[in-house]
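In the part that follows, the structures are each spelled out as structure tokens.
First chain A sits with chain B, and in the next complex the same chain sits with chain C.
Here is the complex of A and B:
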């Protein structure tokens, strides 16, 4: 069984771009350990010859025709953003990445 | 030590759909910033993707044109990364079930044929575009959600030249198949290269670097050649290659380190729960396969067999679909195929290359080029005058007949008029005449040149030649006479 460590929690938090307090990290550690234990229990099920499930809902995907729709009012969409200028959305500078 | 260059290319191609991959926004290039956006491609909470059937069809068509196997049961996966050009903070892509797998492209470099394997071809959405300003980063999502295919080659390429040949061929196949307009300058075809070197004979790969920002075919070739030479130099000095992403600096023709890639990025792929997996029916694949038009290799073969062009000429004329289509339309408009091929190769491609233009940028039509060739064939204008007419025709789009009339370039066919000029020239150049009569055949050429000069190049050269010979032989008869 995979042992979840605090380092692992921190790595995952970093990949998800979230900051955790020490209390939150401890909490996450407990949660994630429980998840891993749950998966361990599932592993006991015999899946020999069973196709992997990609999606739990057995639906047939409906596709759409390639026909443009009436455009959305740009100003209304821009107005929903915290900052916009000259038709662009504006975000904090990402130069010097 | 001799090193071998190893290259694999990742090519992104925008598909020629009218709408985006998951929403009904238009895909037009050059629209006002964010004019082609909606709550779906801006990732508003609660919106759901609706897959564009045409995008899937074009991806299948591309895959079949490149000899790929089609994955019958496929799906979309989320690829996660954080950057302002990606509003959902994940890109809808395909991870373990790409639409196409195990294809190939045949290339020919320095007369040697080679098969370059394609590992995978998958469908994904494009990201938005960033504009960096001192007052922050501006984001335009018009491109965000536009359908792309990513085509990943095996590390089968061994030089910048081979990489270029592969890219040219790939571009041609996709253009002929009609799946994309494949314009590198507009970004509808983009290419990244994975480059490494290893001692000749070594079977393991060296550490690779990834090269970005190559905006033309020649940049791809130059960037790879530079990067391979750089790596060999580092190794020769006892250094090691760092796994990193490098940017090609077009102006300085060098690659520059952008960021280290010490650990493989963790994109946390997982199947997109907003979309169910889907099956590509056999009948759909058959239907798409039947719709694939003539591809470049077939067309090249046809030029060789049907029209008797040399393999080299046929290759040059089929490399770009637009050029090849123009050539065919010219032939269809009438005229000798080989003469037209020659005009295409020398004058048309020469002009486009010199002015860095594409055939779409010039106002000349195939009918005009055919007309020009016929004007030469029927003796209305000389081949030399035709070049002057051509320059004007390709620049202004005027038809060659009008240019010839407007500029008074009609070839002089009038025998009596030319006889006058010929006798004038013969009188004015006694030395050349004497030389000719003394058996120096070259003197005739000089006299023909003089007549052409007097007539400003408009005289029919064959006629001039005949008339001059007649006049000179008459002189000989005079000399020999009593």
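Here is the complex of A and C:
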């Protein structure tokens, strides 16, 4: 049995790049405790020597001809961005002061 | 009786013959939406150019050009599928203003066959939910009873078809999101074999589960539309590299002598009226000459737990792309890049999405990966093995689509486990990539629709449709429609 703790919720939220208010943290803790307890029933299944399923259908490696194709112009793609300048995406400071 | 009660092949024939025009159908869609959509709430965006497109189709006929198989049919599209020129919101604030530059492959195929696009339909945010209540924008009501949900996540697609606002709709099904809303709204929802329909241009939720499906009022309509959608596309390397096989022409084929298995636990802990309708449906199937046996699949009761972990983990990975940089929501007054990521995601995503991203990140994190993610992948193998054993002896697996009819708003929204339980009969088909359909099987005492699920072995899409069609033709459940 794994006990989900408030510290664990904070750590996971940080890894998922989500901030939670103290109220939301408490709510998320309750929800996650409940869900994790539910999915832990999988422990009862004997999976000794069983291969994991990564994909539901057997796939063959598909090859295609290496033909140059025209993508969208840079301006059209940059126009979708919240902020862009001089042909680049614009973001706030990355390295700090 | 409206124009949209007529079967699709007949509508197409009448338009091709000039008895009816695409403009009349487009006008019917507009009229119907204006009459009922304030009460249903299916549409997130309507196509302003609908009439103009219909007129172009009319001109095309007048010029004597070849006309497509879906000529003039007004279709609705779930808003996680890209239609060039229209919004693609996924019912999320994150993508509230996003307009894609391309059509999804499925939209290219519908366009090539001269379908009309009426608009974009509501869904649970990023297709995560079973009631369409997690949409950031609006509520969609069940046309049979406005106090109940239309199901989800393709709730807008199902409600629009049931309310006759469109002739058919596209949805997506990762854990039951086409079949369960079809069951709740008294229509047909078909999820083909994983990979039959290319996913390129469909916003990824859980990539090893995501499947495009068709919602229509009858099995024959669904098969007819499906035939225009399946087949390999090189832009989706997970689409199946095989020749497209037409299914519509095979409907009506004799189903006598087929064998159907009913998982024992699918008849346990379900609503008594659902149980009664499904038992009647099994009787109808026997009357069609299909042998029906109850079987036991030892790992089926773990399907929901395995699905919850795997779909959340895949979602956590897929939704990492939403960072507020290249597209999507960006809040004001940001100091640095880390704050940009977290604030864009925290304000852009709703609670259910956050809950799943949290669970997925948890299941993939160091120290928990083996006990949760890897374990769930192995249980997925066990479930596939169980299903393969059944399909060695049987042609079909049948049972209810959902354990209950449509439930009330807010009834399950704050209880994730209760909400996830809705999917317990539909997720097995996604875990194993199998084709499955929900077809109307009657009503509850309070007049809510109940669906029968028919599932086949991988690539047996045509057989699933044939049996569903035989069932439909032996019953009259699909004929009743909501009063609205």
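Just so it is clear, the second predicted complex is superposed on the first by the 84 of 97 C-alpha atoms of A that agree within 3 Å, B and C clash if a C-alpha of one lies under 4 Å from a C-alpha of the other, contacts with A are read in each partner's own complex, and residues count from 1 in each chain.
Here, a contact is a pair of C-beta atoms (placed from the backbone, for glycine too) under 8 Å apart; a residue touches a chain by one contact, two chains touch by 3 or more.
Every value quoted in this text rests on a predicted model; they were computed, and no experiment measured them.
Please work out whether A:28 is in contact with chain B alone, chain C alone, both, or neither, and reply first, second, both or neither.
Second partner only, chain C.
In the superposed arrangement, does A:7 touch chain B (first), chain C (second), both or neither?
neither
Based on the superposed arrangement, let me know which partner A:68 touches: chain B (first), chain C (second), both, or neither?
First partner only.
Which partner chains sit in contact with A:18 here, chain B, chain C, both or neither? Use first/second/both/neither.
Second partner only, chain C.
By the touch definition at the top of the document, which applies to A:82: first (chain B), second (chain C), both, or neither?
second
Taking the superposition as given, does A:45 touch the first partner, chain B, the second, chain C, both, or neither?
A:45: touches chain C, not chain B.
Looking only at contacts as defined up top, I'd like to know whether chain B or chain C touches more of chain A.
Looking at chain A, the partner in contact with more of its residues is C.
Do chain B and chain C touch any of the same residues on chain A, and if so, which?
Common interface on chain A, chain B vs chain C: 15-17, 54-55, 57, 59-60, 62, 64, 72, 77, 80, 83, 89, 91-94.
Any idea which chain A residues touch chain B in the complex?
Interface residues on the chain A side: 15-17, 54-55, 57-69, 71-72, 74, 77-78, 80, 83, 85-95, 97.
How about chain C: which of its residues touch chain A in the complex?
98-99, 101, 193-195, 208-209, 234, 237-238, 240-241, 299, 302, 305-306, 308-309, 316, 320, 323-330, 334-337, 339-343, 345-346, 349, 354-355, 357-363, 365, 368, 371-372, 374-382, 384, 416-417, 430-433, 458
For chain B, which residues count as touching chain A in their complex?
17-19, 24-26, 32-39, 42, 44, 50-56, 75, 80, 82-84, 130-132, 135-141, 259, 266, 268, 271, 273, 275-278
Under the definition above, what is the set of chain A residues touching chain C in their complex?
Against chain C, the touching part of chain A is residues 2, 4, 8-9, 12-13, 15-20, 28, 31-32, 34-36, 38-39, 41-45, 47, 50-57, 59-60, 62, 64, 72, 76-77, 80-83, 89, 91-94, 96.
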